[in-house]
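In the two complexes below, chain A is the common chain; its partner is chain B in one and chain C in the other.
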Partner chain A sequence: MEILNLLADGFIIAFEPQNLLLMLIGCAVGLFIGAMPGLGSVNGVAILLPLTFIVPPTGAIIFLAAIYYGAMYGGAISSIMLGIPGASTAVATTFDGRPMALKGQADVALITAATASFIGGTISVILFTGFAPPLAKMALAFGPPEEFALMLLAFATFIGLGSDDIPKTFFSIFIGLVFSAVGFDIISGRPRLVFFDIPGFLHGINFLVLAIGIYGIGEMLWTIELSKGDVQMSQATLTFRRLLEGFRNVGQTWKATMIGSFLGYFVGILPAAGATPGSLMAYGVAKMVSKHPEAFGKGTAEGVAAPESANNAASTGSMLPMLTLGIPGSPTTAILLGGMIIWGLEPGPRLFVDHTEFVWGLIGSLYVSNVFALLLNVLLIPAFIWVLRLPFTLLAPMIYVLCMIGGYAATEDMHDVWLMLIFGVAAYLMRKLDYPMAPAVLAIVLGELAESSLRQSLIISHGSPLIFFDRPIAGSITVCALILIVLPLLKYVKVFVRPKPAQP
Partner chain B sequence: MKELLGIRSKPVLCTLLVSMSMLLAPLAAQAWEPNKPIDFVIMAGKGGGADKMARFMQSIVEKHKLSSKPLIPINKPGGSGAEALIYMKQVKGSNRDHTIMVTLNSFYTTPLRQPDLHIDVLKFTPVARMAEDTFLLWVHKDSGIKNVDDFVKAAKAKGNDWIMAGTGKAQEDQLLTEFLNKAYGLNMRYVPFKGGGDVAKQLAGKHADSTVNNPSEAIGFYQAGTVVPLAAFTPKRLALFPDVPTFDELGKTGMDYFMQRSVVGAPGMSKKAEEYYAALFKKVYDSAEWQKYMKDKALQGDFLGGKPLMEYWKKERESHRKILKEIGEI
Partner chain C sequence: MRRAELSMAVFMAVFSVYLMYKSAELPIGWIPGSGPGGGAYPFWLAAGMLICCIAIIVRALLRMSPPSRSTEPYMDRHSLMLFVVGAGSLAVTIGLIRIISAYGAILVFLLFYLRFVGRHPWRLTAAVAVVTPIVSFFFFEIMLRIILPKGYAEPLFLPLYDIFL
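Entry: the complex of A and B
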């Protein structure tokens, strides 16, 4: 009951006119920043942080959290409409959102994304409200072996999908892993894989560069080949009736949305993971448990609902270790953490006790921000649809320009723009050869974390891999992951052993 | 109506102009001004001690409008600071006057360990030493360890299964681990992590047995009672931890170690720009916020700039060369 009292106090703070206004502006700004390729919640929060000195800390965190949220909603927009991930967190949304738009279902995809985001956001705030302290303990229980086990599980979900060509999936993952290893080695502190001694490789390959290359440039080349530049991007229409239908559709994606919400939230809580791996994992798991896994990647609403609910849930989740432990769960919360120090608050175990007004005001605002973001998003759908109706000759150059900006904005290095173009052409060729691209993106996102946690674990265990099995949490996750990897392989082996069982 | 407004707005305008010119006066007196946003490179990952401090300095600059152009923080954590150092070295043209970096002791150790990077830190521009950070030895409260004697007993019993978590390879934390190993005949296993915040979490989650975190990194868990400081690597007790002895008091000398929290400019920065940034960070140093931050985080050290800072670097680099040789890293 005490929690409900505190929450009520939080709502009173959140409903102060100034705070309501801050949320509305924050959501709108976030939506825009999220929708711009290359700019994500990290950039938005970092750029606007100094502006927050004019309001009290509670208002400031409410504003920045609203931007964080809005950006999660906004990222889906360009993923669906243009096929370029608007933010790193929306990469997985491209997998199915884009094909849906090409089929003329952009409105359904947008509505699915918005509602899934809303549900994911709301479920995660409820979890946050009820179980912050025990969940913070859970985050602490994750050491290097557990982190690695989780990474293994993430990869397993992508291998264990069954419907893709497994050797090609492996190849795609390995390519991604090699790219993630470029730059510096954290254990020995030495540069490695700096191709041709080009200094641009020293900071590693930013995976947004890879993702924009693959899904922006590669996709455009593919479309040009298919259509010979002759076709409209999609026959998007929007009537009130279709809008209603879109909402009715949501019922069919509830399973994917639930998976996304819970998985996203838990992955978000873990320090160092964050919303991007969370949404990718949710996509993989949703595909695995779906009745129609073969429809994934070809434009199914489930494939949009899972990552979108997950990235919103994860963004709330990642605030939990920040507030309770003083450890950021994502790059964006790292900046929020900096902000709190500037406002004179010490994030950490004492925050919930010493600054209840701040904490509960923020929690209250998360509920309200979610509603604002949903409303803004739905109201703006007609404007997004209008973009799709532009002729291809106008839209294609626009997308190229946005890709260039996105590739540059991520690291502000021209080197990365060239790299993005190369990735785009390579992705186009690989697509012609029918290689899946999503596993490569997953690998480059998770590769660094997987590598450092693997090596830290092995240092701790004197090189014995048993460390991944004899600890309860790590052990159970590792076993799950191994089963997922082995199952489809068995199927594959069977096909080889008995090539044509149907023949007499 | 228009006239009325005109008359009424004039005094307002005048006061505005006057107050603006008063604000700008100290800046206008300086010959050089940045003409574009300033790259504020952070030689460490997000969320660690260096990162928090850099963002805090940025906020003081913003709050008091000390700079006409904003500081844009960029994290370059790769390779124990090597990424940041190479980035600084490659800065060209007018960017040299618009790139500064927050640095720690990896400023000395990384170039010493990796001569193939061809970085001479004495070519960098000394701007400001903002503080010297301190180190303590921490354990988890559930370990039951109350003092250094208990610690030595427990660590000896576990041999090289005793996990010491720290930031990066052959950086401050590993040097201190080696100090301890040598002074007490221990064989602790050092595991590198990406940032001080991550290290603090490893101890709080009992994935590590001990750490040598800075006070700022461990203070959240310390206040919650999760972690316990055993001794300080300082010549005098820290005001923030009056009951925690120093290693000197415990009879182990030569264990004092500080980490610089300095701001450096790109190599080849113009003299005028150097003076501008030194003045800027002196104002930050003197601000009430910075002084309070130093007190709250147990930071020490006076402001150093220009030549004295360069002398300090020369001295520190030699002592690090000696330490690294002793522990066999170079």
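Entry: the complex of A and C
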């Protein structure tokens, strides 16, 4: 009951005219920044943080949280319309969003993404409101072995469920993980894998450089070849009837949306995990439990609903450890945490006691921001559709320009723009030979976390890999992952071992 | 197609060996007291890449993978031309950024691509090629404060900074 009273106070704060205006602007700006390839919620929040010093802390956090939400919605737009993830959190949305757009169902994909985001966001805020403290405690029980087991499961879903060529899927994961190791060794601090002693490799390979290379440049080269350079990208139309149809479609994706919402929220709470692994895992699990797993990757609404509900749920989830423990759950919340310290607030358990107005104002605003983001997103769908109907010879060079600027903006280093071009060309050449590209992007995103959790676990266990089996949570996750990896391998061995049928 | 499949796998196998060699610059074994060496993680992953490449080569030789069974060419003459124009114009554009600034390079790239690849009329080409860098300038430099490289054209932008920043 006390929580409901506090929440009511929060709503009163959220409905103050100034805060409502901040939410509206925040959602619109976030939507736009999220839709830009190469710019995500981190960029938006980081760039606009200095602007918030002119409003009180509650207004400031409401504004930044609205940008965070808006960007989560917006990331899906470029994933679906252009096939380029607007941010790492929307990588999984491209897997099915892009094929749907190519089939002429861009509007359905966008509506599915928007409503799934809304449901994911709302469920996670409700969970956030009711179960904040116990869930935070549970996430704290996750140590490095559990984290590594989760990573292993994320990779295993790609191997076990992908219908692609298995050695090529493994290859793609391995090369992504090796690229994530470029830069400095995290423990000894020595430079590692600095190719040809080029200094640009010292800061590592940013995942966006690989993602924009593959999904921007590689995808464009591929599409140009398929369309022989002169066909329109896809025939997208939007009428009121199709809009209603899109909403009706939501009912069919409820299972994927629910999986995404709950999984995303919980993964979001885990420190240093955040929305990207959350959305990738939600995609994997939704595929696993779906009645039509073979439709995934070919353009199914479930494949859009799961990651989109998950990334919104995770963005709310990641605010939980930030507020209650002072541990950021994602890069964006790390910046929010920095902002709170600048505003003179001390994140941690005392925040809920000392600054109830701040905490509950934020929670109240999350409900409202979610509604704003949904409305803005749906209202702007016709504009996004219009972009799709431009002639491809006009759209392709614009996307190339966006890729070049986005690739530069991510790290502000020309070295990365060249690297992006090389990745794009390589991705195009390899894709023609059926090498799957998504696992490489997943690997480079999770690689650093996977390495540190693996090494920490091995240090804890003095080198014994049994640590991944001994602990109850880690053990059960590891076993699931191993089953998913070994099953398709057995199939391969069988093909080699089985004697060839005698020739008649 | 089969030759392309084999060539790519052989190239990637060589690349894996290079990655293993580079990783081995740091210790790849167990260091008592501090866990696995700094090179161990990438070294064993690169070894995994090598094993995958060998599997891909074997499958291609036995004609087990779809590309190795396909009789279609990897890239016909027309596709090759589209690829060279696309990737080549991007490489030239990225090279030009250092000389005539990102905005100048974008202008030249759009003029070339829209007019000679897209065959759009001059009026549309010129409009898009001029408006895109201007909009990008205001969005990135003025709104988001992300400074794009200017190369030798830096002095030309100083008056703009004086006005807008």
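Note that in this section the second predicted complex is superposed on the first by the 487 of 504 C-alpha atoms of A that agree within 3 Å, B and C clash if a C-alpha of one lies under 4 Å from a C-alpha of the other, contacts with A are read in each partner's own complex, and residues count from 1 in each chain.
As a convention for this text, a residue touches a chain if its C-beta (ideal position, glycine included) is under 8 Å from a C-beta of that chain, and two chains touch if they have at least 3 such contacts.
The structure displayed is predicted, hence computed values, not measured ones.
Asks: In the overlaid three-chain picture, which partner chain does A:459 touch, first (chain B) or second (chain C), both, or neither?
Replies: After superposing on A, A:459 lies in contact with both chain B and chain C.
Asks: Should A:398 be classified as contacting the first partner (chain B), the second (chain C), both, or neither?
Replies: Second partner only.
Asks: Is A:190 contacted by the first partner chain B, the second partner chain C, both or neither?
Replies: In the superposition, A:190 contacts both chain B and chain C.
Asks: Tell me the contact category for A:75 with respect to chain B and chain C: first, second, both or neither.
Replies: A:75: touches no partner chain.
Asks: Can A:83 be said to touch chain B (first), chain C (second), both, or neither?
Replies: After superposing on A, A:83 lies clear of both chain B and chain C.
Asks: Of the two partners chain B and chain C, indicate the one touching more residues belonging to chain A.
Replies: Higher number of touched chain A residues: C.
Asks: Touch test for A:268: chain B only (first), chain C only (second), both, or neither?
Replies: In the superposed model, A:268 contacts neither chain B nor chain C.
Asks: Would you check which partner chain A:203 touches, where first means chain B only, second means chain C only, and both and neither mean what they say?
Replies: The answer is first: A:203 touches chain B but not chain C.
Asks: Mind working out whether A:177 is in touch with chain B, chain C, both or neither, as first, second, both or neither?
Replies: In the superposed model, A:177 contacts chain C only, not chain B.
Asks: Name the residues of chain A shared by its contacts with chain B and its contacts with chain C.
Replies: Touching chain B in the first complex and chain C in the second, residues 185, 187-188, 190, 459 of chain A appear in both lists.
Asks: Applying the document's contact rule, which stretches of chain A touch chain B when the two form their complex?
Replies: Touch list, chain A to chain B: 46, 49-50, 53, 140-144, 183-191, 199, 202-204, 271-272, 325-328, 331, 334-335, 337-339, 341-342, 346-350, 452, 456, 459-460, 462.
Asks: Which of the residues in chain C end up touching chain A in this complex?
Replies: It is residues 1, 4-5, 8, 12, 19, 22-23, 25-26, 30, 34-39, 41-42, 45-46, 48-49, 52-53, 55-56, 59, 64-67, 74-75, 78-79, 82-83, 86-87, 90-91, 93-94, 97-98, 102, 106, 109-110, 113-114, 117-120, 128, 132, 136, 140, 144-149 of chain C that touch chain A.
Asks: Quick check on the complex: what are the chain A residues that touch chain C?
Replies: Spelled out, the residues of chain A in touch with chain C are 43, 47, 165, 167-168, 170-171, 174-175, 177-178, 181, 185, 187-188, 190, 192-193, 195, 217, 220-221, 224-225, 228-229, 391, 393-394, 396-398, 400-401, 404-405, 408-409, 412, 414, 417-418, 421, 424-425, 428-430, 432-434, 451, 454-455, 458-459, 463, 495.
Asks: So in the complex, the part of chain B that touches chain A is made up of which residues?
Replies: Answer in residue numbers: 46-47, 51-52, 55-56, 58-59, 62-63, 70, 73, 76, 78-80, 82-83, 86-87, 90, 110, 113-114, 160, 163, 168-170, 189, 191-194, 197-198, 200-202, 204-205, 207, 219-221, 223-224, 226.
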